[in-house]
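What follows is one structure encoded as structure tokens, with my remarks underneath.
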Amino acid sequence: MQCICKIVENRELCKDVFEMKIECPEMVREAQPGQFLHLKVNKSIDPLLRRPISISRIYRDTGVISIVYQCVGKGTKEMTALKKGEYIDVLGPLGSGFTLSDEGKCAVVGGGIGIAPLLELACSLKDCDAYLGFRCNTYKLDEFSSACKELYIATEDGSTGSKGYVTDIIKDITKYNVIYACGPKGMLKRVKELCEDTGVKCFVSVEERMGCGIGACLVCACRIKEGDTWHYKKACTDGPVFAAEEVDFDD
Amino acid sequence: MQCICKIVENRELCKDVFEMKIECPEMVREAQPGQFLHLKVNKSIDPLLRRPISISRIYRDTGVISIVYQCVGKGTKEMTALKKGEYIDVLGPLGSGFTLSDEGKCAVVGGGIGIAPLLELACSLKDCDAYLGFRCNTYKLDEFSSACKELYIATEDGSTGSKGYVTDIIKDITKYNVIYACGPKGMLKRVKELCEDTGVKCFVSVEERMGCGIGACLVCACRIKEGDTWHYKKACTDGPVFAAEEVDFDD
Amino acid sequence: MTRMSVNIGGIKLKNPVLTSSGTFGFGREYSGFYDLSKLGGIVVKGLTLEPREGNKPPRIAETPAGMLNSVGLQNPGVEYFIEKELPFLRGYDVAVIANIAGNTVEEYCMMARRLGSLVDGIELNISCPNVKEGGAAFGISSESVYNITRRVKEQCKVPLIVKLSPNVTDIKEIAESAKEGGADALSLINTLRGMAIDINSRRPVLANNVGGLSGPAVKPVAVGMVWQAAQAVDIPIIGMGGISCWEDAIEFMLAGADAVSVGTANFINPYAPLEILEGIEKYLIKNQFSNINELKGNLKIYGGDNKCLQKKE
Amino acid sequence: MTRMSVNIGGIKLKNPVLTSSGTFGFGREYSGFYDLSKLGGIVVKGLTLEPREGNKPPRIAETPAGMLNSVGLQNPGVEYFIEKELPFLRGYDVAVIANIAGNTVEEYCMMARRLGSLVDGIELNISCPNVKEGGAAFGISSESVYNITRRVKEQCKVPLIVKLSPNVTDIKEIAESAKEGGADALSLINTLRGMAIDINSRRPVLANNVGGLSGPAVKPVAVGMVWQAAQAVDIPIIGMGGISCWEDAIEFMLAGADAVSVGTANFINPYAPLEILEGIEKYLIKNQFSNINELKGNLKIYGGDNKCLQKKE
């Protein structure tokens, strides 16, 4: 669905990372962790296209959705200028969310801005640990620590938690029933390997450049194995969450 | 010169007509009535080009210039959204201004938004009457009435002054030494005729679509007679003010 | 409402607003936003004889007021379309036009035969490379446009629309060749060839290196070509290229289009085609036109040399 | 600073940033903003043998991220240029390139002879209609591009740059013809043909009905054509079309341009060429290039078929 949503908050969490909360009760009713919103950041043709941003939190009681975004280019820059009380044009909730595991221990593994989409998931899972990797500045640690049993943190500069990559701090992956990962391609690849080596079920949320966001334009192709063969599936509707073993990261 | 100028005021004078005051001491030093500013209304490529707007008032003491603009399209719409304290990218002062007459009685004849560019001129002339034609809503009458000896007003709907066109209320044009006119083409043509019939000197400020605004692109051509022949002159640097007898309004 | 209907070379549209091939899938996605029966017509994603996976991603690059795409005709094939997608579309009261693309003239002909009269019209996408002729697109020489049009037309049970590529020296010549070959209507423009480069990675943004430009940026080029084509031929024209609002649509119709098609704008505003339709109707009323067909080419051009584009009485 | 110098077919530029013909007058206007000696080169307004008044106004229309112009080569003629404008430009330490346009090949040749070696280079504007051949532009067929280039080259005492029109089916073929005809360098792109319509007056916005599109909107088309031309020929290329910031300039150089030219952007930001120059320098430093010439075509294209565009050692 398309809504013109009121912005109830838009603030910087840490350098270049912002949280925006928008009022969209109808979307909240349908929203699932792992889904995303497709945002028209202003009314101009500059930038022309919508921007896909994952849902980070769903506040069912207040009808509010929180998204966390990193300012990396023109579109996200425009978003930082929006003020509380202003409106934003939103398509959503879009895509297939994470398949929630009912039983056993799970872990979310996030890197960089890929951490944010895992928060609602972590809140929804009964028994969940979190492995979070930042470059230097951290965000949302409080919320993760109240949602998760254990919280493991890595930073590239060592300013918080261990120094290094998040994939290095996963000590015993076999204790988890399911792993959910979101972050840069390199990280996802490594998590996939870890899970494949140990036979742990793994879901990843992938990023592809998007046009329509709803399955009509086919620009968001993601190479997915199906048995012996493969197909280009749509990251926007078939994904963005896929079973890790299906995704061909080398395309 | 180009300056990023602070907006010190931006308010609606009457329906769709706005006044913007900007701080630009360097420009004020050079500015003459009849010149214009070339404004980049935002930082985006939408709209791409600058917009030419005439100088309405020059406040030499405070270093402020006032422009009056009508919201007619995308660019002027953007201007209405600018707030006091924000900045705007200005090229100016551009073009040749009005040649001020030192002696005798003068009159300014303005129509619609073409009234605004005559205000500073009226303030600079010692003995000046004003003939102003509006569609319905009037603006800046107070300032004109304090700057001018006599003020004659026409409105198309008769809500203020006489009902009809401004050119209809000029009773005795021969009492003026010079006429300065700014407004729609049809009005300028009529004023030119009136002056030609009576041998009164007349200057008009013309409007042409502009690119560079400084004489480099030649898109602002205005057909100007020179003796027996004619040339396309540049409205931006050769004008926008021309002697009425030179201008070929039928091009 | 009949004042809004147009006839595109035998295809009756209840209104002049279509959605463009490749931007509207097979209609399913947008059917969640509004009733597809409100549209004049739907041109489906470009079909090939066999299913195609298309090009490697990334397949999209944003450019100033436009976008490049290099989808590369990913589609499930004509057979799948007929069996699985067409029935869904047939549930709506809307003209369905199949956009077809082939590697050889024979492939186009086979598809036209297979589609028979299951669709309301066939749109020939001649921007694809002709593998037999060494890879030059069918759409760039008059001769090959004439040939392919004539050959496919022979197999066509429904009206044939030829979709022109803008990447040519003389669009008039190409339009004439399509007409001579038997085209019932033309549609234009397809995307302009273009490229974007990521200066940090020093790689093209698109894995296909080059792509097709669409969106508002191309509108002036498209309006110009529709105008030229309308002067060259008297068959109906579907105008497209950067149409985002009803004002744009009117521009195309004044330039000589009988109908308009909305592409990239769907991605930005799913309701764009309906808003455009509404705007056109209001414009007709405001300007006291009794019929949409009065708009076509109703343009006072400068210079008085406007023989083909006089206002129709 | 020598690391910024480029050689365009014999014209030595101290840096790779030029300003485009028709957007920079004869330099006077912008000399009030900065020292013209800071530029690599100035390409002056298109000159004709006799003075020309140009087309009727309106001559400009704004379009999404672009503009159409129909100035129609208003200029004071080559003689006036040499006597009144060139001495002013010669007061600056900057390469001056004369852009010439004619109705016939003979006119081009006469201008080239008259200019002799008074300028540093001549740019052949072949987008103008050839009156002798019935009005088709010189620039649209390989044969006429070859012919005009060869004929003018014979008369040229200075390097000859051929400026290509983008309104062609195959830019590679045209680039090759210009090279074969003896062009020392190429520049591209000139404006794309386009049209805008005022839906209220129902008239074209331009009194010339059609015009040439420039500005950011055309950038992807221009980058694509520069890339294609650079693959086709090994003579230097001046890239242009929508360059507004240094990032755009880098895109063109990676695509295969040796130098870049700034046009429409001057209207929006008079300092654009200088800011672009500064940005290029910073990019070189940041990316550890020791010399501007290392940028040309330094693009890792996808598919591994990039013979012409390897990084130069």
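Chains here go by letter, A, B, C and D, matching the order in which they are written, and residues are numbered from 1 within each.
Methods note: contacts are C-beta pairs under 8 Å (C-beta built on N, C-alpha and C of every residue); 3 or more make two chains touch, one makes a residue touch a chain.
None of these values were measured; they are calculated from a predicted model.
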Maximum centroid distance from chain C, chain identifier (CA atoms): B
Selected pair, greater C-beta contact count between B-C and B-D: B-D
Euclidean distance of C-alpha centroids - chain C vs chain D, Å: 33
Centroid distance [mean C-alpha coordinates] between chain D and chain B, Å: 36
Averaged-CA centre spacing for the pair chain D and chain A, given as whole angstrom: 46
Chain D: positions in contact with at least two other chains: 56, 61, 64-66, 215-216
Touching two or more other chains - residues of chain A: 45-46
Topology of the chain contact graph, where touching chains are joined (line, ring, star, complete, other): complete
Touching residues (chain side chain A, partner chain C) in the complex: 1-2, 40, 45-50, 91, 208-223, 231-232, 237, 251
Complex contact set, residues of chain A against chain B: 44-46
Chain A-touching residues of chain C, taken from the complex the two chains share: 22-25, 28-30, 32-33, 45, 53-62, 64-67, 69, 71, 74, 215-216, 244, 264, 266-271
In the complex with chain A, residue positions of chain D that touch it: 64-65
Chain C-facing residues of chain D, complex: 56, 61, 63-66, 68, 140-141, 167-170, 192-197, 199, 201-204, 206-210, 213, 215-221, 223-224, 227, 242, 247, 250-251, 254-255, 283, 298-303
